[in-house]
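Shared between the two complexes below is chain A, which pairs with chain B and chain C, respectively.
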Partner chain A sequence: MKTVFRALLTIGVLTTLLSGLGLAESKPKVIRIGCTGSNRPIPGNTFGILNQLGMLEAEFKKDNIKIEWNVFKGAGPASNEALANGAVDFVTFGDLPSIIGRAQGKIKFLAVHETRRAAYTIVQPDSKAKTIADLKGKKWGVSYGTAGHLYWSKLVDRAGLKEKDFKAVNFSGGDGKAAFLAKEIDALNVGTDVYDYISLGQAKVIYGTDQAPDLKGTAGLVVTEQFAKKYPEITYRFVKTYVRAAKLGSDPKNRAKTLTLWSNTGTSLSSLKKEYNKVPLALILDPVPDEYVISHLRDGIKFSKEKRIIRKDFDLNQWIDTSYLNRALKELKLEKYWPASDVNGTPTARR
Partner chain B sequence: MKKLMLDKASNLLLGLIIPILIVACMEMVSRLELTTSQLFVPPKLILETLIFLLKDGELLRNLGISFLRVTSGFLVGVTGGLVFGAAMGMSRKFEEYVGPLFHALRQIPVLAWIPLLILWIGIGEDFKVWFIAVTVFYPMALNACAGVKGVSKSYLEVGRVFDLGLLKRVSVIILPAALPSLFTGLRLSLSIAWMAVVGAELVAASEGVGYMMYRSRMQLQVDTVLVCIMAVGLTGYTMSLALGKIELFTLRWRRTDS
Partner chain C sequence: MRLLLVQLLLLMSLFSANSYTFAADAETEGTAPESAEDQVQDSDDQKLFGTVAGGEDNSAAVTQEDLDGLKSELNVLREQWQRKLDKGTVQSTRNLGLSGNFQVRYGASGGGTSGTPVTDGFGVSQVQLGFKGNLYRDYDQGKNIDYSFSLTTDKNSFTILPNDVWLSYNILPSLDPEKPYLKITAGQQKKPFGLEATTSDDKKPTVVGAQFASFMKLNERDIGILVNGDLFPSNDYGFKYRVPLIEYNFMVLNGNGPIGTGNLANADNKEDLLARIVLNVPTEYSNPLRGLSLGASYYYGQKIVTDKSGAKIDSHAERQRYGADIAYVNTPIGFTYEYARADDPGAITVNKKSVVNHVESDSHTFTLFYNFGEQFIKGYVQQDRYDDWWPVSYQPFFRFDKLTPDTSARTTHTDVYTLGFNLFFAETTKLQLNYNRTIAVASSSYAYYDDAFIAQFQFGF
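And then the complex of A and B:
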């Protein structure tokens, strides 16, 4: 009897101690971040500012929380795999990978990472192709599962053609560029680095978001529902630091410094200057999901379901959670800093 | 005869028990939501995807393309392996000259050949066929060499007694006697050829079942990946069965002999 009583007492004490430890454990040891890089392991946009200025490290230093950056050459698909394996907590990636990620798993869309992302279709400099239809039967480098894939899919659809009409060769990272320069493929979809190809006489552009602005992409910041539920305050502080970085990049006074930071990703400064001369950085880095972003994402979900890229539909309102963002904007007094764009992308002042 | 058929049926049923149990477990895990992993796919979705891809024609079209590549690469590779291996088995001098390099190159992982082949040949159809050929060359050469070396000395003695020329000795004595080893090489090469074609299509392709798998992986379409794996497995298994039947027919003398 005594032995039983002692055993029960020991179990009770141990359980209390352990659960006490659990209650005290309200912070993670490490915050794991996933993002896209190309030639170098440095992300672009707001994450590029956060990464290179060490803002998250500074924010969480006093809590002894380590920041782990995972910059994936495999872009959105690699981030989705990392999310599926439970290897990352926060991720930024393009519209299509974030839609795929949400359709398959439990992630929250916290804020916008980039809007009005440009895309271009380039062909060999001596190519006779002038339109998308001219590329029928030709080899076209595509990165499936990325934002570029959604651009390509919509482009093909708009031209009244099918994906099967082309020999779409799947590439990830810089492999597409290598194949294009080796003249192994006839066409490739690229982003802001298009000017590097043109200035070196390596390609010519036959179509892009300059002609079709509605094909411009959007990228978002997401967090796993599990992390947000377990560490809501850490999630809020992450978003607050993120908003501070977005404000830094959006400020016209910091334009030169921001573009210089982004040139460390491997895209030349001259290319970045040419691209971002077209749109103010404040519009690109605006973290608030406005009508422009929401309609783009809604359209992306519908298109992806029609093309069977995703199997399940989902409610956009259940996905986007701006509670952390709104709280951060209020605390930082930035509620009216960024203009709200309408469905067509025309900015208007926030009320 | 009836007993034989009953035995075959019961063997087939026994073989189906574990796959059925696996599917039942997957269905249960899915219905009870025991995992939140995006990588877990319920069997029902796999079946729906299979039906869709069959109706769409995409699965059969891509499988057909991979099948043609496997066949081309397999024929090139096993022919080269057979000739090379038989030559090594028949001529000690030849083996002394080429053997060390052959065995050294054999140790290189086949995937390591991909960058070199792409640089030399590009990413077109030739690359895929040659990659498969290189991959199946080694097992075929090894088995051909072992088969030729294993030909009974008494058979070779008969050839010398009848003063048969080289061609006659090879076609009437050596090759038939080496057939069991050659068929072992062929079966091994066939399964390796399917692995190679999927590997080649993962790297740089615009069609084929390996390309389908890679594209589906990028879109987290685990259901399509699983359908492709099953399709490759089934096709490879069917080809292996067919090869087995050919072997049984070709080597029927061995059964009557024993």
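And then the complex of A and C:
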């Protein structure tokens, strides 16, 4: 027994020393970021600008704080897993995974990462399907737990059908694309890379957010409550740098270069140009959660609860914390830079 | 009328003030004049875009000559690739994955207790080479046919022996996480008894396995048919986490051990049976009870018992094993506890006559571990990176392992206390440091002590 006790005591001491429990730090040694990548280890949208221009590295260089980028192939579910295990501090991910993450964990929604995210349902080029109903009984590639899952779920609901009417096949990362191109599945949900499929004659679109703009997605920037509480000033500086990047990307004179940066994620420049044709990037990169974003998130929470994707509800107002964002906007004098979109997404000037 | 006109004009001005203009000078609309500091920040931020391509008017069109040059280069590249594929690449007629697992070890023992597994000095404790793949892939429902063939070395003689030699088929669809899974595997494979015996070497925290696994021969492969599956799965899609309420294993096997141990045929002409059931807590990913499971295992077999001269006393003497286990595998802390009991027939002499005597043995194995790092977070390690990357992770642990070879003489037992530390520093590589204190108790007042230090470098591909 004595030996057992001594051994356990030794482990306890070693563990305490290694984990540094009880040692307070004024600054973290590293800021760990999680985000989603498709083909390459480069994120898109505002994070893509931050990552490729090294803005966070420059901001925190004088503090000797390292920036660690983690680009997850597993998208939202991988980000949630990393958050739950304390492996990342800041994350950007889509509406549904962020809702799930909040329902189960302690994270704050700091700012919007992307709004009006397009989604499309594609079928094989020789498919006879023209509507969602035509896909009944067919194999449809879905990434469960991602923003695409919410789009698909709402789409099926809107068509007056049930998810069980289709043979949903769960894919993550690039597996869905590979399965579709190998003609192993009949339909797949895609994003801005839809034009790559079409230009190569690999698919045709039977439905998309062009026909149903309210199905467009939203992505957010979140931080763990633990990190924000321990390092409020670091959190603020992170958000401020984030806003600067969003502003750079929103500036019309930087449009071409911003799209070029985003093309480094693996989505072709021509696809991005088609997707954002006549769409001001300021609308997409607007970091402020306005009525359009809030109503979308509220609707997402309600829908997820009804579909039992989340087990318990939560108050959106308790989740969204714009204190850091508002301070950054004020200091950068950008309070009225971005429009305030109403519930329908119509932009109006901020007062 | 004038009042109506004024009101109309006022309304129009109000409307035009609310509309948002996405013009090139939109950034100046409604914003306060910038200070010098703000202008410097804007200028610095704008300079960051300086080296990014795009924005210029590249109106020069691609010429036919450019296109012909590109086609020619593509043809050259294709020929080079094909040549390399034909001459410099291993070919296979089916999907094939090659893997290997190697252990290089150093041990130092204080000596003393007989039977200690530690030999002072360096050694290559294990070499394994495996071939695994897919014979048929069912894209529709995932009813795949997979195979595995691997070789290993005997720990004592370094003789190369077959390890896994099996074929498996997914009876039920395996692509839908909402549905239960069911698989059948035929050939030489692990026996699904308890935790210790079913954990692969690369996932075991200790260098030396628990005593009961070798004593009760549960860590040996055997030849047979295994049916395993699960029931009532629950899914937390937000974390890509699937956990079935029940997992089950049923196996019919020879019970003579693996190929190469001298008994290819089923010596007693009777098949042994093995069953295992595991209950998992069906929770969301973030629930603290995630990773908690209870398991029970049972093994029934028969054995030929011979006397000292080799004459058969009983051709079908029964032998049994019972096991119960509880595991909590979570991050960062976890533990496992396993109880195993065996009933083995042997020969004794009573009144100058050889008779069968049953000896019962049992064991307790408890392991407590703590993980630092992201080694065990599945989604985290699947990252896109340009460099060769793997999270460095640390795992200190403690194990208590007690074996009582004859429960009718409980004062004789062997206890092994292990204090260990595992360092994971590459994708398939870890360094294991174990300190073992072995206490072999021969009677309540007499014990041998042995302290041993083992360092093992385990790597694979």
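FYI, the second predicted complex is superposed on the first by the 326 of 351 C-alpha atoms of A that agree within 3 Å, B and C clash if a C-alpha of one lies under 4 Å from a C-alpha of the other, contacts with A are read in each partner's own complex, and residues count from 1 in each chain.
Note that a residue touches a chain if its C-beta (ideal position, glycine included) is under 8 Å from a C-beta of that chain, and two chains touch if they have at least 3 such contacts.
What you are looking at is a predicted structure, and each value in this text was computed from that prediction instead of being measured.
> State whether chain B and chain C clash or fit side by side on chain A once the two structures are superposed.
clash
> Check the residue A:48 against both partner chains and state whether it touches chain B (first), chain C (second), both, or neither.
neither
> With the two structures laid over each other on chain A, which partner does A:287 touch: chain B (first), chain C (second), both, or neither?
neither
> Once the structures are superposed on A, label A:300 by its partner contacts, choosing first (chain B), second (chain C), both or neither.
After superposing on A, A:300 lies clear of both chain B and chain C.
> Contacts for A:104 in the overlay, against chain B (first) and chain C (second): which applies, first, second, both or neither?
In the superposed model, A:104 contacts both chain B and chain C.
> Identify the partner contact of A:339: answer first if only chain B is touched, second if only chain C is, both if each is, neither if none is.
second
> When the two structures are overlaid on chain A, which partner does A:254 contact: first (chain B), second (chain C), both, or neither?
A:254 contacts chain C only, not chain B.
> Please determine whether it is chain B or chain C that touches the greater number of chain A residues.
Partner touching more chain A residues in the overlay: C.
> Is A:73 touching anything from chain B or chain C once the two structures are fitted on A? First, second, both or neither.
Only chain C; A:73 stays clear of chain B.
> Once the two complexes are overlaid on A, one stretch of chain C runs into chain B. Is it 243-251, 297-305, 351-359 or 387-395?
Stretch clashing with the third chain: 243-251.
> Between chain B and chain C, which residues of chain A are contacted by each of them?
Dual-contact residues (chain A): 77, 80-81, 84-85, 100-101, 104-105, 139, 144-145, 149, 168-170, 172, 179, 182, 184, 309, 311.
> Using the touch definition up top, name the residues of chain C that touch chain A in the complex.
Those residues of chain C that touch chain A are 17-20, 22-24, 26-27, 29-32, 34, 38, 41, 45-46, 48-49, 52-55, 139-140, 175-177, 235-241, 284-286, 331, 368, 370, 372, 374, 377-380, 382-386, 394, 396-398, 400, 417, 419, 437.
> Mind pulling up the chain A residues that touch chain B in the complex?
77, 80-81, 83-85, 100-101, 104-106, 139, 143-146, 149, 166-172, 175, 179, 182, 184, 308-309, 311
> List the residues on chain B that touch chain A in their complex, please.
Residues of chain B touching chain A: 36-39, 45, 52, 122-124, 204-207, 211, 214-215, 217-221, 223.
> For the complex, give me every residue of chain A touching chain C.
That would be residues 3-4, 7-8, 10-11, 14-15, 18-19, 37, 39-41, 52-55, 70-74, 76-82, 84-85, 87, 96-97, 100-101, 103-105, 139, 144-145, 149, 168-170, 172-173, 179, 182, 184-185, 244, 247-248, 251-257, 259-261, 280, 282-283, 309-311, 332-337, 339, 347-350 of chain A.
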